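Labels run A, B, C and D following the written order; every chain starts at residue 1.
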Amino acid sequence: MKRILAVTILLALVLGPLSLSARAQEGDPILIGLQGPMTGDFAYEGQGFEQAISLLVDQINAEGGLLGRPVELVIEDDAGDPTQSALVADRLVDAGVVAVIGAYNSTATEPASEIYNEEGILHITPSSTATRLTEKGFEQFFRVCFLDDRQALFAVMAMADVLGAQKVGVLHDNSTYAQGLAEWTRTYAEEAGLEVAYFDAINPDDQDFTPTLTNIGQADLDAIYFTGYHAQGGLLLRQTAELGLDIQWVMGNASNNPEMVEIAGVDAAAGTFITTEPLPQDLEYPEAVEFVEAFTEAYGEPPASVWWLLAAEAFNVIVHAIEETESTDPEVLAAYLHEDFADYPGLSGPIIGFDEKGDRLGTIHALYEIDEEGVITYYPEQPQPEAEEAEADA
Amino acid sequence: METFLQQLINGLTIGGFYAVVALGYTMVYGVLKLINFAHGDMFMWGTLAGWGLLTTVFAGLLDLDLIAVLIVAIVVMAFIGLLGMTIERVAYRPLRSAGRLSPIISALGAAFALQAVARNVSEARWRTYPEGLLKEMPDLHLSGTVGLSGLQILMLGVCAAVMIGLYLFVQRTRIGTAMRAVSLDHNVSRLMGINVDRIISLVFFIGPALGGLAGVMIGTYYGSFNFTLGWVFGLKAFIAAILGGIGNIPGAVLGGFILGISETMVVAYGPDLGLVDASAWKDAIAYVLLIAILITRPTGILGETVAEKV
Amino acid sequence: MALLELRDVNTYYGSIHALKNVSLKVEAGQIVTLIGSNGAGKTTTLRTISGLLRPRSGTITFNDSPIHNTPAHEIVYLGLTQSPEGRLIFPTLTVNENLNMGGYSLGNDKASVESHRQRVYDLFPRLAQRKKQLGGTLSGGEQQMLAIGRALMANPRLLMLDEPSLGLAPLLVRMIFETIETINQQGVTVLLVEQNARAALRLADYGYVLETGGIALEGPADELLHDQRVRHAYLGEA
Amino acid sequence: MDQALKYVRRPSSHLWEIGLLALALALPYMSFMDRSRTSLAVFAGIYVMLGLSLNVIVGYAGLFQLGHAAFFGLGAYTAAILSIDYGITILATIPIAILVAGGAAVLVTKPILHLRGDYLCIVTIAFGEIFRIAVTNNVFGITGGSNGLFGAGRPEFPLPWLEPVPAIMLAIILALHLLGTRKSGPVLQWGGAAVIATAYYLLPLGLDRKPLFVVSMAMGAVAVIAGAVLRSNRASARVQMIVLVGIVLAFALGTVLGAETITGEIAYSMDEYFNVDDPTTILGVEFTPVAFKRDARPYYYLVLGFIVLTVVGMRRLQNSRLGRAWLYVREDQLAAEAMGIDTTQIKLIAFAIGSAWAGVAGVLYASRFTVVAPESFNFLQSVIMFSIVVLGGSGSIPGVLVGTLGMVVLPELLRDAAPTFMYEGAGPVVILALILGFYLYHAQDRLPAAVLESAAIAAAFFLPPLLLGEPALYVVGILMALVMLIAIARLRRRTARYLPWVAGALAVYTIVLLAAGGSLGPDLSDGVSGFRIMDWRDGLMGVAMVLMMMLRPAGLIPERRRGIAPVTVEQPSEPIPTAARQQTTV
């Protein structure tokens, strides 16, 4: 009897608070959801999303809101994990959001996109590049980043045309993103007639990559493309220098982060190439310049990762769509983005539009080099993608 | 041959770090028969604390970087040692006779808590030690391109000194012998007049302090770290301790080097032997090695054959 | 005043009442023996005295000071040591190291440790030959010698021996009992727990009989030796 | 030894379980169960299954297993591969998942079973990690690498298929209950069960459903109370039977009414009966219905069905010959061997059953989340499963439920950084009830003092937040209150032993309040740099794990045992020598 009593009371404790919790407020504010990894291995990126978007939300609210209503950001943490992602997606649905930005990684975006599709919520991912995501025929799913294969093609051209490499290597870190990009790179490189003499992965949990680097040194490559993240990129550069190896590194956009230079040290990082979406400071659009200035003012440093920018981009696209259609109906917004949205001056370059699958049209990648001061600078000589892309498509 | 030598040196360096961290696991296991899952995170706290000190208080001392690093290492060792004693006091001592399941949960809980604090302190970012730390040390060239950097020599030297020092301490001194006695039988040790709680506290000071030292060394050597370092590295070091025979100090050292060198060799020669993606599989190979050794020699390579009380 | 005195001691293992109102006295200089069958509470009594177990009620005084709340390791410093049942020497420590641990309470005083070790080696010359050998490699008899020697290292006033004859060949048993007598003659009071009641009572001055956790009988050893009940129950006589 | 270790089956009424089950069946239709909470219930349900499966290995057989996530993952990957590549309906893969997970367990554990204690523990960790690394590296080219596998088939639940699940489960339970407690013929029992299942379909037809829903809920409540009263008064079997049938019927009605809204194939929906903007008052409690589109309820019933099946199965297993053999092996392996038990075989069976059932949980997972990716089966997951079992009380089935609440549900609820429920007035009442409950539980004889002291504790917990006006801290407050309560419950038996810890906990609590609360610290409710519960969730979980173990080393609801010496703090290394101890000779 005692036990029963105790358990009953325990149940009451759990159920009690649930039964009386406040329901999501209907009415005034326009709710926009953000799901991303606020904890876990990618916490840095998720928190960057939050910084970038809340800055814009504050700006909008300071200017009187959207359609005369304030905008409220509902933040949920998915820790980059698909299970958590499904749980927080349900929470955002319950909160009554109009649109959701997220998630960071494709694995987390996948189950969430299913739920948002069921519920008819506009869903834009700033950073999930897995090809499959837009192939499910979801009407209200978009992405503002580019697919893996675009960048892979660009990287191959950069290595072949700009660096004149014949014998190249590809290194990834076994993450969803890096592996996809690495495999596309290998495919395009072989199509372009380059010799892919080295293809391997590192374990991102490691600190010490010297065994791998020793092997790369032995392979005698003209250039090697690393598709993983900046933390490992920095360690690779640093240990390359420590081993005294002569390796020409080209990094993918996941490594486009000033912290990589910090980790590697300026001397070790100098001379490394990076393929990425153009950095905001290299864009002439007033929106981009303004955003970077505001961000720097608010947080003391410019946005470190390209994905933060793209999160802000996704938010701007949603706001733009709401303004243009004067509607908060996700169906109307999605229809607008598919059909009428074009030539929008984005933070990461002009957005030509979205195709029927929800993928961003065009490509805007650029080649950067880390200069002697450790600054990531726009490289004067750029590969010419349009012509070759037409070729590749043909 | 040159490649082999270079890879051997690479493996020795990693192995040395594994060994120092493994010492902490092995000592605690010896006296308490407890897998101290929080040890990896205490080691990570060492890296974190070293970073904190070197980038703030000791930033002015960096011209004399060897001295600065030395002082920081000592301060961190004391701090992490005290942390270890506190954790033992709070999380393990009340559970000393509560069976073998509860302390594992308690240890994992302590690990979670430590990691959460570190994540929030480091803002979940990769943090970097001051650039160019201890870079001015003379290198040693063996032959051709094979050589050890000054930093590598220093790290290996410190590892060796720690291991030898600890071994002598445990084998030759009265307190060290008392530690061995406690690891054999708590009650009989009490009958000898040994204050068992104090010895355990001491073990929980030394082990984590060595972990803290390894933390600072890793920070200095690799230059950057994040809060997940302890979990991954700690698990590997623990495997090293088991490989060598847990509870056994030379065993931990041997296990550390075996693990470090075999990992390196798998990465270096795996592809030649038809193992594609060797580096990605290398951890799995470490685990397979562990299982193989435990199946054939259940108490590890140097493990004592004294039957374990269940 | 007795050197050691237990008054109404009650000890529990969890909910099991292991010692019930045990009272006993050990006078200085004597050999006192505690006999009884398996599970009667002999070992529990010793563990309670040496502080490994806490009595739930009752008092234990040693040398006029109460020790029932003193931690086990501090009791050793008062001059009360125990050679535990089953010998329990440290198997991976050498004979020398085992003895050093016995003398742990002597502190860093190397000379005093050395002199006590010499005393043990004089008592048990066979141990001296095996100084560097690991405790676990000794024979059962040698291990028992080591256990007794180890308990002597702390220079005790009262030595408690738990079943020193357990599992030993008769010849060795006799030798051990002779040594106990020698130790006693050197001025060490002895509390001897034995299953071998006859030998123990012959050696002892005074004896207690434990039955199911309580003292059933007590008296001078030679009286007990001739007591009908003792003879019947413990000496295997009809 | 045999006598001492004999597991005594405690005669117990199943009324309590049936009440709980009825509550579980009605749960998704309660007003507070919005989409995310139903989803969370499904998620927690999968962990309950995992906990129960691991309980066979850790709890029953007393073996270490810190790599359970691998077998969970094997099931999930098996289901995903078969469903994606071969188009097999996902639930039909369950037998194959059982074979794969169970078979793998037999293969990998066989060589290591002779390892003891911590060595087994570390080897199971190694297996878990090898599995994770293998699937990350796309082993055999079928696991999709670090991407994992997308698009495992979601089962479609046609209404007629879904609807009977709860009823059939109830019927089975009821029949088992009757079989276990009464001597009357099986015809009556199973017949009764069949009648219930039929009635479940027939009764609601043609009736106005809105009042039925309300009436059935009320009936259910009345029936539960009546049943409890009858039970305690030893009412006749027939009366009991009638009452139980009443309970089942009542809840069956409630469930059917709701079930029809699930697929939307039937025109009825909750919205037709309850205006969303117009809360309904039932017995003075305000219910605010939530409009659903497609949601997790079909999965909820699916998982609930499996849990019921598992609980029944596990209980049978525990009381079987095999269960007793596990008990012997766990308590004293040497004695078990002496009794002629093949301990290796027995342990292997435990691993096989536990792992196979984790594989089933994996299939359910794959069908619910559609993505199967390596990070869902990492070491942390194994740790969570292990903690569920140990925190709740190793070997105890209710313990697994409570452990899941603690390890899975509570952290999810903590996502609400600023719950406002405390202002609604019910929170403090609930906590007070909790405090009193624990007091009554532990100290029946000292009621007045207990009431007084609990009031004081409640005041200690509610005054500071009320004064500081920071609602977010209530979450911390509840956690601390729980810990305190357990500490105090312990104090009853061990005077003042944990007083310093309690004082320390109070001090920490106060410091947190002062540092983070109200106007004295940064804003708690949100903000990039401020203190957020979200950032500290796993840290709090860690601290709670340590505290729980410190205060209740045997778990929250320990397994009931007879004839086994209780573990106490002063337990000597050897218990009282009851059996003749092995003596060694020279």
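The rule we apply is simple: contacts are C-beta pairs under 8 Å (C-beta built on N, C-alpha and C of every residue); 3 or more make two chains touch, one makes a residue touch a chain.
For clarity, every value in this text was computed on a predicted model and none was experimentally measured.
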| item | value |
| --- | --- |
| Target subunit C, source subunit A, minimum contact steps | 2 |
| Required minimum of steps from subunit B to subunit C, each step between chains that touch | 1 |
| Between the pairs A-D and A-B, the one where more C-beta pairs touch | A-D |
| Distance between the centres, which are taken as Cα means, of subunit D and subunit B, whole angstrom | 37 |
| Intercentroid distance (Cα basis), subunit D paired with subunit C, Å | 52 |
| Residue numbers of subunit B (touch at least two other chains) | 119, 185, 187, 277, 280, 283 |
| Contacts with two or more other chains, residues of subunit C listed in rising order | 52 |
| Subunit D, residues touching no fewer than two other chains | 136-137, 535, 537-538, 567-568, 570-572 |
| Complex contacts: residues of subunit A adjacent to subunit D | 2-23, 38-39, 47, 50-51, 54, 75-77, 80-83, 86-88, 90-91, 93-94, 106-107, 110-111, 114, 118-119, 130, 132, 136, 174-176, 179-180, 201 |
| Complex interface listing, subunit D residues touching subunit A | 16, 23, 30-40, 43, 136-137, 145-148, 150-151, 285, 288, 290, 293-294, 296, 365, 368-371, 373, 375-376, 398, 402, 405, 409, 412-413, 415-416, 419-421, 424, 426-427, 429-431, 433-434, 436-438, 440-441, 444, 478, 526, 528, 534-535, 537-538, 557 |
| Touching residues (chain side subunit B, partner subunit D) in the complex | 29, 33, 35, 90-91, 94-95, 97-106, 108-117, 119-120, 185-187, 235, 238-239, 242, 246, 277, 280-281, 283-284, 287-288, 290-291, 294-295, 298-299, 308-310 |
| Residues of subunit A touching subunit B in the complex | 39, 41, 43-44, 47, 174, 200-203, 205-208, 210-212, 214-215, 218, 230-231, 234-235, 238-239, 242, 244, 259, 262-263, 265-266 |
| Subunit C residues touching subunit B - in the complex, by the definition given at the top | 50-52, 71-74, 76-77, 81-82, 84, 88, 90-93, 97, 100-102, 104-105, 108, 136, 150-151, 154 |
